[in-house]
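In the two complexes that follow, chain A is the common piece, with chain B as its partner first and chain C second.
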Partner chain A sequence: MKQINNILEHFGSTIILCIRSFYYLPTLPRQWHRLIEHCYLIGYTTFPIVAILSFFIGSVLALQAGYSLEAVAAQDFIGALVGLSLARELAPVMTSILVAGRVGSAISAELATMKVYQEVDALVTMNIPPERMLVMPRLVAVLIMMPVLTICANLIGWVGGAVIAQNVDFIQLDTRIYFDGIRNFVTFRDIVDGLIKAEIFGFCIILISCNVGLRTVGGPREIGGSVTRAVVISLILILILDYFVTNALMKI
Partner chain B sequence: MSNTLNAARVGLFFILGVVLIWVVYQALGEGVFFREDGYRVTAQFDDLKQLKVGDEVRMAGVRIGSISETRLVRGRGEAVMTIQPGVDIPEDSVATISMAGLLGSNFIGIRVGESEVNLAEGDSLTTRSTPDFNEAFATLGDMTERVEGFFDDISRAIAEITGDEDDDGLVRNLNAMVTENRENLRETLENLRGVSDALATGEGTLGKLIHDDEAYESLMNIGRDFESTAAAANELFADLREIVTQVKSGEGTIGALLYDEDTAGEIRRIARNLGEVSDKLAAGEGTLGRLLADDTLYHDLQAVLQKAERTIDGLGDQGPITAVGITANALF
Partner chain C sequence: MEIIERASIGLKVENFSKSYDSVKVLNDISIEVEPGEIFVIMGPSGSGKSVLLKHVAGLEIPNNGRILIDGKDISDPKTRTQVHMALIFQAGALFNSMSVFDNLALYPREHRLYNKKTLRGKVMKALETLSLEDAAEKFPSQLSGGMRKRVAIARALVMEPELILYDEPTSELDPTMGATISEIIADLRAEFGVTSLVVSHDRDLALTIADRVAILMDGDLLEVDTPENINKTENPRVKDFLNPVIDIKNPRFKKKEYSR
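Here is the complex of A and B:
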């Protein structure tokens, strides 16, 4: 009973945080430098790991597809398979997971530390709402940066798949055929669906991380607990939301 | 790390992202915001199959445009194509929906016509439907049934020929006939072999004909005789022709006879005389006439002969006389 109550409390406080943050959206121009900073942290510094990961995801997809499709001599469809699965599913989800691990954890740790060491209380005392200064710029930054990261993940993954498809002995698929497969089977709608998913995931990750960080109560030991909780909730939420968002987007 | 540098990096990164989205959008080619340049032509099909917006339009395998819209017009599918400017499509070109691969997307293939007039904005292409896999397989099914029927007929015919256990088929009858007439057949064959041997060794007329040169030689001789005869006949004909030419030109007796007026007159006169002579003869005039018409001469001749007979009888009564004696008597 207490746990259900706890979950509901988390859920409610997250929604309240979201609404309050958007209430302070008009103050964005005054916090321009903070927005840039968060964009830098969320987007620019996350890009290398996203690039590496998506390259190898694309490669391993092409490898697996080539291995499986070799039996039915349908290797021309490697491009279609890699392109579609990256655009619709893997690029947004993997990017979100990386953002959750790299950025979400950092945000929740930072906010939890500020909360534990009463910096947040100091802000409140100075009549600076933490939502305005700490949460809102991050949410806007993630909304700006997620599509960029995801489209990069898409393209790098495709290139990774192409490299593998051309150079592995038992596949040796011409790059042009590979990209023709992508062009024939992947529509811009697939890409847009992926970007929308990434946007939703990124927004949820930052919101949850901020909420968990700001709700930290106790000593420094709780900071680690908050980080763990933020990342775990984010990952679970990404995968659960993934199903429902994909389902909803398919029906549109 | 200065704040300006970070801002620049973030800005660059964001622009990169936007550019990449733009590039992907262009590469996957679905003209929603930015239409492809060119003019639009339509083509109506009974079935658009899996044709969708953004698919290619190809002429002779070269991409010349794309499908910009598909819609339903009075129960038929109409595809609106955007053709690149500078590509001319003759008026009588034919559009078909082709498959790029077994599972791949379709495209509209345009077979180039020969008309001088080219299609313009808003014109409609003539189309031809291509059989899809379902139709092809349905046809194949029909064909299989027909082939099966054909083989049924054949096996029935074979059954009729071979015959069942109780039914006499053609083969069975033939078999029985051969079995019954085995002796006769063998004799016939032996005779045939004898005849053939005889022929081979040159016996009999046929054998000689085959093996002997004589027949050939004589045939050749006959041929040669014929040749010489023909030559002689040729000569004869040549002579005849010469004679005919002479006669025609009035030379010689016959020529005169045929072509001379005087001769004709004389002949007529002779004929008249002959007619007169004949008349006199009939009337018993003159010596010859009397000879023919009077039987006195006959009676006289008869009396003379009777006298001679009597004389010879008288000679016979005078004793045996040799033929020489009679001859001598007659002479002296």
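Here is the complex of A and C:
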């Protein structure tokens, strides 16, 4: 009973936080320096690991596809397979997981520390709503940066697949055929679907991390607990939402 | 925003009680602080003084009773925009990711009060008042405990509030700096009519600048009176609290009926 209560409370407070933060959206122009800072933290610092991961995911996809399609002599379709898997599923999901691990954890740790050491209370007494200063710029920043990161993940993953498809001896697929496959089978719609997914996941990650951080009470141990909780909730939510959002997007 | 001549505001605590998980911390407290008054609350450690201030600042919700600032209930979100009040936290509560200068400048910047030059002037003046000119570019983690306390006070001064709540403003400071803080509190009242609610163990502060002193013990207000009368009190607990005699032969902690 207490568990259910807890979950409902988390859920409700997250929604309230979301509404309150967007209420302060008009103050964005005078918080542009914060927006840029968070764009930098979310986008630029996460980019290297997104690049590395998507390169290797693209490569492995090409390798697996080449191995499996060899039997049916359908290796020309490697490009299509890698392209579609990345654009529709792997690029948005992997990017979101990395953002949850790298950015979500950092945000929940920072906000939890501010809460525990009364910095948030100080903001409230100064009549500066924490949602305005701490949450809203981060939400906008993630909405700006998720598509950028996901597109980069797509492109780098495709290149990773091309490199493997050309150079592994039992595939040796010409790069032109590989990219023709991508061009013929991956539609604009596939890319956009992926970006919508990334946008939804990224937004949820940052919102949850902020909420968990701001609800922390106690000391150092609770700060650690909040970070873990923020990341775990984010990861579970990404996977659950992934199913439903994909399903919904297919029906539109 | 234009600078308005601000009238002094009063503060009223009505039948306020608070308990944490069935542990009673404060019990039916009523206080009335007149506009422009300097009201000092003294009491032993753990008697609930910080809890009281947090509620007056509207950071927590009372179990019972209500708190009115300038006649407006602090639990109403609108009150915060109508009254200008600052709380100086016992632990400072500085923003650790900002330099001292930015800590002080945050309030005027967020509320867009001054242009750059005026802002710099106001911040530097507040820092000078508390002899912190050299610390402007430092970060809170690079400061001593007493410096942090002074930065917290300077941050409140920049806000130019009508009501300041001090949580042990002199506890970590040397005697001269403690005296300076007392002078600042008195001066703010004389010059701007600022109302002050001060929680302190500092007897000198209480006896020299306070208009009234309250003694808080075990969650109850024992006495509320002028400093002179408090000093002449007959209540043995208050007497012992204000003028503890250090008795090496018969120490307090070995007495059977030992209680603060």
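Going forward, the second predicted complex is superposed on the first by the 252 of 252 C-alpha atoms of A that agree within 3 Å, B and C clash if a C-alpha of one lies under 4 Å from a C-alpha of the other, contacts with A are read in each partner's own complex, and residues count from 1 in each chain.
Here is the rule we go by: a residue touches a chain if its C-beta (ideal position, glycine included) is under 8 Å from a C-beta of that chain, and two chains touch if they have at least 3 such contacts.
Owing to the predicted nature of the structure, the values given are computational and were not obtained by experimental measurement.
> Counting only touches as set out at the top, which of chain B and chain C does A:Y117 meet: first, second, both, neither?
second
> So which one touches more of the residues on chain A, chain B or chain C?
Touched residues of chain A are more numerous for B.
> Give one of first, second, both or neither to describe whether A:I128 is in contact with chain B, with chain C, with both, or with none.
A:I128 sits against chain C, while chain B stays out of touch.
> Should A:N154 be classified as contacting the first partner (chain B), the second (chain C), both, or neither?
So A:N154 only meets chain B here.
> Touch test for A:V217: chain B only (first), chain C only (second), both, or neither?
neither
> On the A-aligned overlay, A:R30 touches which partner chain: chain B = first, chain C = second, or both, or neither?
second
> Quick check for you: in the superposed arrangement, does A:L195 touch first (chain B), second (chain C), both or neither?
Touch partner of A:L195: chain B, not chain C.
> Please write out, lowest number first, the residues of chain A touched by both chain B and chain C across the two complexes.
none
> Would you pull the chain C residues touching chain A in the complex into a rising list?
Residues in contact with chain A: 54, 57-59, 80-81, 85-87, 89, 91, 93-97, 106-107, 110-112, 159.
> Note which residues of chain A are touching chain B in the complex, please.
Those in contact with chain B are residues 33, 36-37, 39-40, 43-44, 47, 76-77, 144-145, 147-149, 151-152, 154-155, 183-189, 191, 195.
> Can you list the chain B residues touching chain A in their complex?
These residues of chain B touch chain A: 3, 6-7, 9-10, 13-14, 16-18, 20-21, 23-25, 27-30, 54, 100-101, 103-105.
> Touching residues of chain A toward chain C in the complex: what are they?
Chain A residues touching chain C: 30, 110, 113-114, 117-119, 121-122, 124-128, 133.
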